[in-house]
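Take a look at these structures.
Two complexes follow with chain A in common, the first pairing it with chain B and the second with chain C.
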Partner chain A sequence: MLIFRSIISIFLREYLITFRNFYNVLTVIVFFILGVLIFVFAIGPDKAIYSQIGIGIIWTLILLSTNLSLKKLYQDDFNDGNLILFYISGISLELIVIIKIITAWVFFQLPFLIIIPIVCLILNVTTDKIILLILTFIISSPILTALSSISGSMNLLNNKNFAIGSVIIILFSIPIIIFSVNIINSTTVLVTPQLNILLGILMLFLAITPWISATCIKIAIRNK
Partner chain B sequence: MLLTNNLSFKRGSKTIFHNINISLSPKKIIQIKGRNGIGKTTLIKILSNILVPSTGEIYWNGKNIKKDSHLFFKNFTYIMDTNTSKIDMTIYENILFWKKLFLSSISDQMIESLLNLLQLNIYKNVMVKYLSYGEIRKLELCRLMIEQKKLWILDEPYSGLDELTTNIFNETLINHSQNGGMVIFSSHFYPPITSIEDLPLEHYANI
Partner chain C sequence: MFKIFINPGQFTKFADFIFKPLVSLSIISLLIGLIFIFFISPDDYQQGSTVKIMYVHVPAAWLSLLTFFIMTIYSIVALAFKIPFGFIINTAVAPIGAVFTLICLITGSLWGKPMWGTWWVWDARLTSVFILFLIYLIIIFLRHSFTNLEVGEKITALFIIIGSINLPIIKFSVDWWNTLHQPASISKFSSPSIDPAMLWPLIIMTISFSLIGLLLAIVRIKSEILDRKQLL
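After this line comes the complex of A and B, so read on.
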């Protein structure tokens, strides 16, 4: 039971730190909105085009802003030795990774739930599509966070080159993008099977991410 | 009791040190000495079970720390050369976090008197990023009292401390060793404690 006290204290600490660096969250949201606006200015005021590519634009920018925000998920804690402290404290690193993923999801992905409907107005997306978009976002965003956790922990192994991490995120998120966009644009019969596939991918990543990230962190601690 | 057996460490093909035998029994303080870059921090990381030695084993109370790492981690405090306090949290929040993370039973009164002793009490609700280096190091040393473990492994504990804090820290070391604790630390400062045993790393370095 005592371990729950430690877990809650780690949660609290993560929330405090992220909350006091709230400008990081704002940066991501501003990047997202500006990206959508730039698309609008670049393509022009033709409404018919947006009903076809609107969802694609939104998903591309969600992916890019996730990549922007979570690249350094573990970097600060690694540099000041806090990961070693966690390692010594007896709480398994897998648990730390899960806590980090939950915090990152709450702070960096949940705000999109408010922003996406607003952006949908700009891109002329209909209401029934907005509902589906939010549903796919709720399923797919934890996958993106998990992927960022993997790439973030891999980035610890080399502290100069962040390109490898970005490549991993973008490569692995191709299937997520394909299904998330297709669900919204396909006929009603095909919605449930594709949602099931997305849920399957989510389960897979929730299962493997803590192990992969924790192993990467352990190797990084050993090599520091 | 911490025992090491023929410890040696290689980086690539270069041997950093070899055949180190340490026996750290209760009430003993060991100081690791040596010039810059000779491997003091490396040795400390090996003793903390963070790096793996090339040859040799380390035993804590007769058990190999590689196999029973959980048992070993429960019994030692590690002060690193980096500052583990979070800069976006206040002193008190940091201390409270450590207290809960290490499941410590230190009372609020103890924390209060500890902060008073180290003259950190006026900054209790100030974020760590506004403190000076010496004050951050003092906060780091608070972890020794919060965790209340038997074995202390300290990397450069004297860096940044003023004269008053150095004296307080010396007394803490003596008290800890008299209560059956064990200390191993690296420093270029030679504290005036008679019971300290030296471990000159020059003798073990590969020439």
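After this line comes the complex of A and C, so read on.
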């Protein structure tokens, strides 16, 4: 019972932190919209182009905004000593990583579900593609959160190279982007197998991420 | 005998012992290979003399994969059994693998221009090898972005283990997808679909490339060991 109470208290803590800094989440969404605007300025206002490449633009910007919001997933907790308290609290670090991933997904990724259909309408994407896009977003965004958890925990003690965390996220997100964009642009026969592959990648990352992140956090705590 | 792979002192002794024979062997095999390529091996009936790019392209590609495989094995061993020699190997060998991958990419695009008509296409094999090159670069950068050396080594080893997902993708990319790049001509389970007159120079060049790679690796590993002795 004690474990459940501590899990719930960690959830509440994350909720409070996110709710008090709610402008953080809103800023990331504004970044997403501004990115779309920049693409429109860079390519031109021709609507026929956007029905072809709109999905690619949206996925690129989702990736970049995930990068922006979740790159320092553990950094604040590590700097003010909260991770050490989690480490000695009796709950395993792997479980804490899972909780952090779930909360980060709920608070930083789910708000995109509201804004994605609006952006799709602006970019002239058809309705059946919007439904597929939301489906792939629900499957793929936990993978992106898991990737940022990996890179965030890897770079806890990194104080020289500020860009390498984003590079790691973008490198490992290549297969996700390939399948997510291909599903929407391919024929109806090929949708289900590619969705299955994406689900497989999700299961793989949910399985390996807690171990990798917990190992990296342990290395960082012991060498602080 | 087994200790030369995990013990720096034993490795240094063994490396000093085999260094001079290795130098002479690699020079001889490289000379024989070059003579074979330029004077004995025939031109292809379709590709003409551009087929001779293969004798550099294929060994470099094999060795880039082999280097990453060795790094993966040593990372697992070093993290699991706490053997720091694996970290030395990772640090020393990563730039060699990056250079081999770069040679493979450059010769491939030089070969692709006359044969396929473009320097570069985004097919599965080319893209995955390009990602391998980026992974090598990130390994080198990641190692240097920590002030604490020990942490940097461990994090880099973890990154290498995750990045080895790319190896089977490169190997089977020509079988899984319909690519412009041809599938492997030489496989273990069937007789090779390449003429012996071209197979022998390829084997000699592969041997000489691996000897040269081993030579560079030995020099780099020895200097890395000396570096760490100074830190103590």
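Criterion: the second predicted complex is superposed on the first by the 223 of 224 C-alpha atoms of A that agree within 3 Å, B and C clash if a C-alpha of one lies under 4 Å from a C-alpha of the other, contacts with A are read in each partner's own complex, and residues count from 1 in each chain.
Keep in mind that, in the parts below, a residue touches a chain if its C-beta (ideal position, glycine included) is under 8 Å from a C-beta of that chain, and two chains touch if they have at least 3 such contacts.
What you see is a predicted model, and the numbers here were worked out from it, not measured in a lab.
Applying the stated contact rule after C-alpha superposition, one finds that A:N124 touches neither chain B nor chain C. In the superposition on chain A, the chain among chain B and chain C reaching more residues of chain A is B. Legend: residue contacts after superposition of the two complexes on their common chain; A:I221 is shown touching chain B, with no touch to chain C.
In the superposed pair of complexes, A:I84 makes contact with chain B only, with no contact to chain C. Of the two partner chains placed around the shared chain by superposition, chain B is the only one that A:L16 touches, whereas chain C remains out of contact. In the superposed model, A:R5 makes contact with chain B only, not with chain C.
When the two complexes are overlaid on their common chain A, residue A:Q194 makes contact with neither chain B nor chain C.
No residue of chain A lies in contact with both chain B in one complex and chain C in the other.
Taken in their complex, chain A has these residues touching chain C: 150, 154-155, 157-161, 164, 167-168, 171-172, 174, 208, 212, 215-216, 219-220, 223. Residues of chain C that touch chain A in their complex: 131, 134-135, 138, 141-142, 144-148, 150-151, 154-155, 158-159, 162.
Contact residues on chain B toward chain A in their complex (touch as defined above): 48, 50-52, 70, 73-74, 76, 78, 80, 82-84, 86, 88-89, 93, 96-97, 100-103.
Interface of chain A with chain B (complex): residues 2-3, 5-6, 8-10, 12-13, 16-17, 20-21, 79-82, 84-91, 221-222.
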